[in-house]
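In the two assemblies presented below, chain A is common to both, partnered first by chain B and then by chain C.
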Partner chain A sequence: MRQQRPYIYLLLWLGLSLLTLFPIYWLFVISVKPAVELFTTPSLILDTVYWKNYINVIGNATLRGYMINSLIISTSNAALVTVLAFLACYSLSRFDLAGKENIFFWTITNRMAPAAVFLLPFYLLFTQVFTFGDWKLYDTKIGMILLYCTFNLPFAIWTLRPTIDGIPKELDEAATVDGASTWQVISEVVFPLARPGLAVTFILTWVFAWNEFLLAATLTSFNARTITTGLSEYVTTTGTEWGTMAAIAVITLIPALIIFSMVQRHIVAGLTFGAVKE
Partner chain B sequence: MRSNTVGWLMLAPTIAILGIFGIAPFLYVLYVAFHQWNPFGASPLMIYNGADNFRRLVFDPEFLRSVAVTAKFAFFAVVSEIALGYLLAQLFMREFPGRGFFRTIHTLPLIVAPIVVGSVWRLMTTPSIGIIPYLLKQWFDYDMNIGRDAGTAFALTVIMDIWHWTPLVTLTLLAALLALPKEPFEQAQIDGANRWQIFWHVTLPMIRPAILATVFIRLMDALRTVDEVWMLTSGGPGDATRYVGLHIWKIVFPKTDYGYGAAISVIVLYLTLVMCWILYVSLVARRERKRVA
Partner chain C sequence: MIKKSGIGLAALTLALMTTALPARADFWSDAGAKYKGVVLHGVTESTPPSNYIKDVLAPEFEKKTGIKVEIETTSWDQMYDKAIKDMEAKTGIYDMIYIEQDIIYAYLARNFLVDITKSLKDDPSLKSPDYDESHYTTFANYFKNADGDIFGTPMEAFIKVYLYRTDLFNDPKIQEAFKKETGKDLKPAVTHEDYTEIAEFFTKYGKDNGLDLWGTTAQAHTGHPASWYEFFESIAPTFGVFNWGVDASKNYAASVENGGTMNSAESKAAMKYWLHLRDIAPPESAASTWTEVGTTFAAGRVAQGLVYGENAAWIASDAEKSKVVGNVGVALPPTEAKVLEDVKAGKGYLGYYDGGAFGLPVTSKNKEASLLFLQFIGQDSVQPDWAVAAPRITNTATYDDPKIVDMDKKLNGYYSMLKNDGKLFAGAPPYPFHAQVREATAPIFYKILLGEIPSDEGLDQMAAAAEAELKNLGYRK
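Up next, the complex of A and B:
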C-alpha cells in the first residue's frame, strides 16, 4: 500500500486555496479603499480599511430594493425549477413515455443558445405579447421568475435525473403493493431519498438566477431590477465607481455564501450527473 | 403499471414553460433570420431576403474569426478544467486535516456572478492599476498589457474561465469517484497493476460517462460565454477575444442589424447542438452497451 501523507495534501491545499481566494480577496480590498487610492501603487497588504463604500451601499434605498427583488426572484425561481424538475425527472424515470429520451435532450437545447440571441424575442414577448390591458410582463418579478426557467430548468433536469434514476424502482413498487397512491410514493419514498440531489439542484439554480445579468438588464427597468444589474450601473463608459461596485459585489456574495454553506455537505452527494450507479 | 397520463401530466408544466420561453422565441429568431431588418437604421421595415443572411455569414471573415477563436477558447478552457478538476477531485479523495473546509473554499468561485468575476479580473490585470502587471514588473521585469497584447488577453480569458468553473468540474468528478465500487481497484492492486495502469484501465472507463457529461455541460456554457469576457476585455484587443456570444451581441445591439444577428444565432445554436448531440449519443451508447454486457 502507498503511504498516506496527509500533511502534504494540507500544504498543497493551502497553496491552492490562496490562488482560489485571491480574486475574492482583491474584490474585498477594492471595496474598502477610497477611490483615489485605487490608482496609486497596488499593494498586496491592506493597511487601512475604509468602510464608506459599504455605508453608501447599505444606505441606498434603491439598491436595497434591487437586493430584495433579487432575493424574491432567485428564491422563487429555484423553488419552482426544483419542483418542476423533480416532477419531470420522476416522470422520465418511472413512466414509459413515447419519445421521452428526445424530450430529455430537447430540454437541454434551451440552454445552448447564446443569451444575446434571445434578448429581442424576449423583449417583444414581454412588452407586446404578454400584455393584458395596461399590465405587461416586462419589468415584473413573475416575468423574470418564469424566464430564468429557460436555462435553469434544463440544468436542473439534467442534474437531478441520475439521482431519481438511482432510487431503486423496487421501493416504489413495494409501496404501491402496500396500497400507496402515486402521490404517497412520491412524497414518502422518492422525495426523502432524493433530498441531497434536490438540495444541490436548488442551490445551483438559486446561484445561477442570482448571478444572471444580461436578461435582467434588458427586461427590467426598476420594479424587478436585480442587484447584478444595479451593480453594473456603477460601471459606465465615462468611468467606473469601482469601490461602490466592489462593495455591492461583496454584499451579493453573502446570501449565496450562507445558503451554499448550509447545503455544502449535500453538494457532492447530489451532483451525480452522469455517474453510473450499479 | 400506472397509466402514462400521470407521467405526461408531470412533464406538462416543464414542456409548457420551455415551449413558451424556448421554442416561441426560437421560431421568431428563425423567422427574423430570413429577413433584412435594421429597425433603427437602413431598413426599418422587415424585408424578406431569403437565405441572403446565411450566404453573407459564410463569407464574413469577422464571423468566421469569432467562431474560430470561440472554438479555441472552449477547447483550452474545457480541456484544462477537466484535467485540473480531475486532479483536484483525486486530491479530495485523500484523507487530510481540514478537507471539508478546503472543499468549501474551492467551491467559492462558483457563487461569484460572472459580471463580478469579469470586473475583478479586469481590475487585477488592467495595466497601471492592476496588481498582477505590477507584480510581474517588480518580480520578473515583465510587461503585461492585455489592452495591447492579443495572446495575453486570450490566455487571461481562459484562465478566468478556469478559475470560475473548475470547481464545478471538481465537484461532479468527485461525486463520480465517490460512487465507484471498491472491488475493481482492489483486484487491480492484487494483480500488481501500477498507478498509471489502474487509472487507464480501471478508473477512466468507469468515470468516462461522468467526464463526458461534465464536458457536455461545460462546453455548452463556454460556447455562450458573454458577461465575463465583456467585462474583462470587451472582446479586444482587436477581435482577439470577440467570442461568438459577444459578436452576436455587438451585431444585434450597437449595430441593430437584427436579421443578420438572427442568422448568426441560428447557425451558432445549430453548431452547438450538433456538437452536443454527438457527445450525448456517445454517452448514451456507452451506457446502453454497459447494460447489455
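Up next, the complex of A and C:
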C-alpha cells in the first residue's frame, strides 16, 4: 500500500495554484504602478500601490458604458445561444431526422474559417442590408447579440449534444406515457437533467462573447462598443497606457469571476455528463 | 421730480426694448439653429489632441449650437479600417474622419473628401467670422489641393526632433570623460559624426559604470513599418536623400540607374550610419516603433535620440510618465554638413513634419453641420488651451499666447523650434502610393535589419522593387 504523503499534494496544489494565478498577479501589479515605473524599474514586487489607474477607469463614464454594453451583449447572447442550442440538440437527439449527422457536422463549418473572413460581408449586411430607413443593425446591441450567435451557436450545439444524448430517452417516453406534451417533456424532464451541460455551455459562450474583439471593433462605434474594443483606445502613438489597460483588464475579470462562481458547481458535472454512455 | 420721471421713463423704455427685441445671438447659435438635434459622428486615433476634441471641444460646440458631436477614438489601424470602409461602402456613418498627413494624397486621389474652402465659399451663411484658413501654420499646406483649397482642419502637428539629456550633457564629470575620450567638448551633435561619437561614448559609459544607459534611440523594429519610416523620413533626408529616394520628375525613378536616389551612395551611407546606431542602442530597439523610442527616452535609458514631437512634450513635462522631466534638451537633427545648407536654401528637408487634420467625407449625411464643427475647432480662440492640454500647434497665433510661451520654457524651446525651424521639416512626399511602395520594399528592408542581406545590396533590391511596383501601378511608363 502506498504511503500517504499529504504535504506533497499540498505543495503540488500550492505550486499549480501559484502558476495559474501568476498572470493575474502580474496583471494586478502592472495595474497599480505608475507608467514611469513600468519602464524604468520593472519589478513584480508590489512595493507601492498606485490606485490612480483604477480611479481613472472607474471615473470614466465612457468605460462604464462599454462595460454595461459588454454585460448586456454577452449575457443576452449566452442566454439566446444556450436556449437555441438546447432545442437544436434535443431535435438532433430525439427525432429521426434525415441526414441529422450531416446537419450536426454542417453547424460547425461556421467556425472553420477565421472571423476576419466574415468581416466585410457582415459589415455590408449590418450597414446596407439590414437597414430600416435610417436605422441600421450596425452599432446596435441586438446586432452584436445576433452576430455572436453565428459563431457561438455551432460551438454550443457541439458542446451540449453529448449532454442531451446522455439523458435516457426512456425518461421522455415515460413522461409521454404519463400524458406529458413534448414541451412538458423538454421543460420538465430534459431541461432539469441537462442543467450542468447548459451551465457549461452558457459560461463558455458568455466568455467567448465577452472576450471577442475583432467583430466588435469593426461593427460598433458609439452605442454598442464593448470593453475589449475600449482597450484599444489606450494603444496610442504617444504610448500604450499599460497601467490603465491592466486596470481595465482586472475590472473585466470581476464579472467573469462572478458568473463562474455562480455556475461552477455545475461545471464539473457538465463537463463529464454523457461522457460514458450506459 | 421731472428728472426722476425722465429716468423712470428711460428705464421703462429700455426694459420694453430688451423684452421686445430677441436676444442678440452669436454666429454659432444662429448657424447651428438649423441643425439643432443633429448628431455628428467622427472617428479618430486615440491621441491627446483627439481626446481634447472629444472631451472639451465637442461639448462646447454642442452648448453653443445644439449640435451633438460624438467622437470615436480608437487605435491607429482600427481608425483607418473604419474610416476607409465607411467611405468605400458609402455608408455615411462618419461625418468627420482623421486624416493623417501621408494618407491625404490617397484620399484626394479617390475623391473621398469635401473641399472645405469651396464649400464655405459656396454657402457663406456657414462661414464663421472667427475662422480664417490663412491663420494656419504652413503645415496646413499638406491638406490642400493644387488650387490651394483645404480638405482638412489641421488638429495636430509636430516635428521629429533631436532630444538629448541636459543632466548628462551638463555633468562636469561626464564632460571631462568625454573630452578625455574624444578630445572634444560634449555638446548636442550637429553632424552625423558628432552624433555617432556621443552615442558610442554613452553606450560605453553606461556599460563601464553598470548603468542602464545607452547612447541613442533607434526606431528599428524588424517587422513593423515604423523602422521603414524612421529610415526614409528621418535618417535618409539628413544625408540628402529626399522623398524616399523616388524622383517623380524622372518618371518616378527610384534606382540611381534611372535617376532616383533610393540606392544612392548617400542612401547607403545613411543606412550604414543608422545600422551602427541601432547596434549600440538599447536592446529593445529592434522591437521599437514610434511609441517605444519615446518610452525608452522617458525611462532615462538613453542620452539622446530622434523622437516625434508629440512624445517630446510629455517626455519633457509629464512626471507621471517620464523620469527625465526638466532634463530634456531639444535640437535639430544632425546632418551631413552640406545638407543643412541645402535645406535652408529650400532644397529638401531635414526631417519629418507629422500630424493630422479632421476631414469631411463626401459620404457624410450632415455636411453643413460638420462644416460648422470643423471651423469651430479651427478657430484661433480654442487653440491655446488645446495646445497646453495636448501639445500641438496648428495656428500661427497660438505661438504668442502667454500660456504657450510659458509651456515653451518647460519644453526647452520645442515650440520655438516648431515656429522658427518648422519650415525645415516636411511631411510625406505627395504620392498617393505610399502604402503600396512601402509594402513592396519593406520585406527587403527587414532582411537588411535582420542581417540577411548586406545593406548596399538590399537598397539596390529595394530600388528595383519600388520601380517595379510603381510600374505595376501605372506610374513608370
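Methods note: the second predicted complex is superposed on the first by the 266 of 278 C-alpha atoms of A that agree within 3 Å, B and C clash if a C-alpha of one lies under 4 Å from a C-alpha of the other, contacts with A are read in each partner's own complex, and residues count from 1 in each chain.
In this section, contacts are C-beta pairs under 8 Å (C-beta built on N, C-alpha and C of every residue); 3 or more make two chains touch, one makes a residue touch a chain.
Since the structure is predicted, the reported quantities are computational estimates derived from the model, not experimental observations.
S.K.: Quick check on the superposition: with chain A as the shared anchor, is it clash or fit for chain B versus chain C?
M.R.: After superposition on chain A, chain B vs chain C: fit, no clash.
S.K.: I'd like to know which partner A:A79 touches here: chain B for first, chain C for second, both or neither.
M.R.: Neither: A:A79 stays clear of chain B and chain C.
S.K.: Looking at A:V207, would you say it contacts chain B, chain C, both, or neither? Reply first, second, both or neither.
M.R.: Touch partner of A:V207: chain B, not chain C.
S.K.: On the A-aligned overlay, A:L71 touches which partner chain: chain B = first, chain C = second, or both, or neither?
M.R.: neither
S.K.: Pick one for A:F39: touches chain B only (first), chain C only (second), both, or neither.
M.R.: both
S.K.: Touching A:V263 in the superposition: chain B (first), chain C (second), both, neither?
M.R.: Neither: A:V263 stays clear of chain B and chain C.
S.K.: If you stack the two complexes on chain A, which partner ends up touching A:V235: first (chain B), second (chain C), both, or neither?
M.R.: After superposing on A, A:V235 lies in contact with both chain B and chain C.
S.K.: Let me test your reading of the model: by the given contact rule, A:L124 touches which partner, first (chain B), second (chain C), both or neither?
M.R.: both
S.K.: Looking at the overlay, what does A:A180 touch: chain B (first), chain C (second), both, or neither?
M.R.: In the superposed model, A:A180 contacts neither chain B nor chain C.
S.K.: Rounded to a multiple of 10, tell me what angle the C-alpha centres of chain B and chain C make at the one for chain A, in degrees.
M.R.: 80
S.K.: Of the two partners chain B and chain C, indicate the one touching more residues belonging to chain A.
M.R.: With both complexes superposed on chain A, more residues of chain A are touched by B.
S.K.: On the overlay, how many Å separate the closest CA atoms of chain B and chain C?
M.R.: Minimum C-alpha separation, chain B to chain C, in the superposed model is 5 Å.
S.K.: Let me check the overlay on chain A: which residues of chain A are in contact with chain B and also with chain C?
M.R.: On chain A, the overlap between the chain B and chain C contacts is residues 39, 120, 124, 232, 235.
S.K.: Considering only the defined contacts, which chain A positions touch chain C in the complex?
M.R.: Chain A reaches chain C through residues 34-36, 39-40, 120, 123-124, 127-128, 136, 138-139, 217-218, 221-222, 225, 229, 232-240.
S.K.: Hey, which residues of chain B end up touching chain A in the complex?
M.R.: Per the touch definition, chain B meets chain A at residues 1-2, 4, 6-8, 10-11, 13-15, 17-18, 20-22, 24-26, 28-29, 32, 88, 91, 94-98, 100, 102-117, 119-121, 123-124, 128-131, 134-135, 163, 167, 171-172, 174-176, 178-179, 181, 206-207, 209-214, 217, 220-221, 223-224, 226-227, 231, 244-246, 248-249, 252-253, 258, 261-262, 265, 268-269, 272-273, 276-277, 280, 283-284, 287, 290.
S.K.: Help me check something: in the complex, which residues belonging to chain C touch chain A?
M.R.: Checking each residue of chain C against chain A gives 41, 43, 45-48, 70, 72-76, 78, 81-82, 85, 89, 91, 93, 290-291, 294-296, 298-301, 308, 310-311, 314, 319-323.
S.K.: Using the touch rule from the top, collect the residues of chain A that touch chain B in their complex.
M.R.: Those residues of chain A that touch chain B are 4, 6-7, 9-10, 12-13, 16-17, 19-21, 23-24, 26-27, 30, 38-39, 41-42, 44, 84-85, 87-88, 90-92, 94-97, 101, 103, 105-122, 124-125, 146-147, 149-150, 153-155, 157-158, 176, 182, 207, 210-211, 213-214, 228, 231-232, 235, 242, 245-246, 249, 252-253, 256-257, 260-261, 264-265, 267-278.
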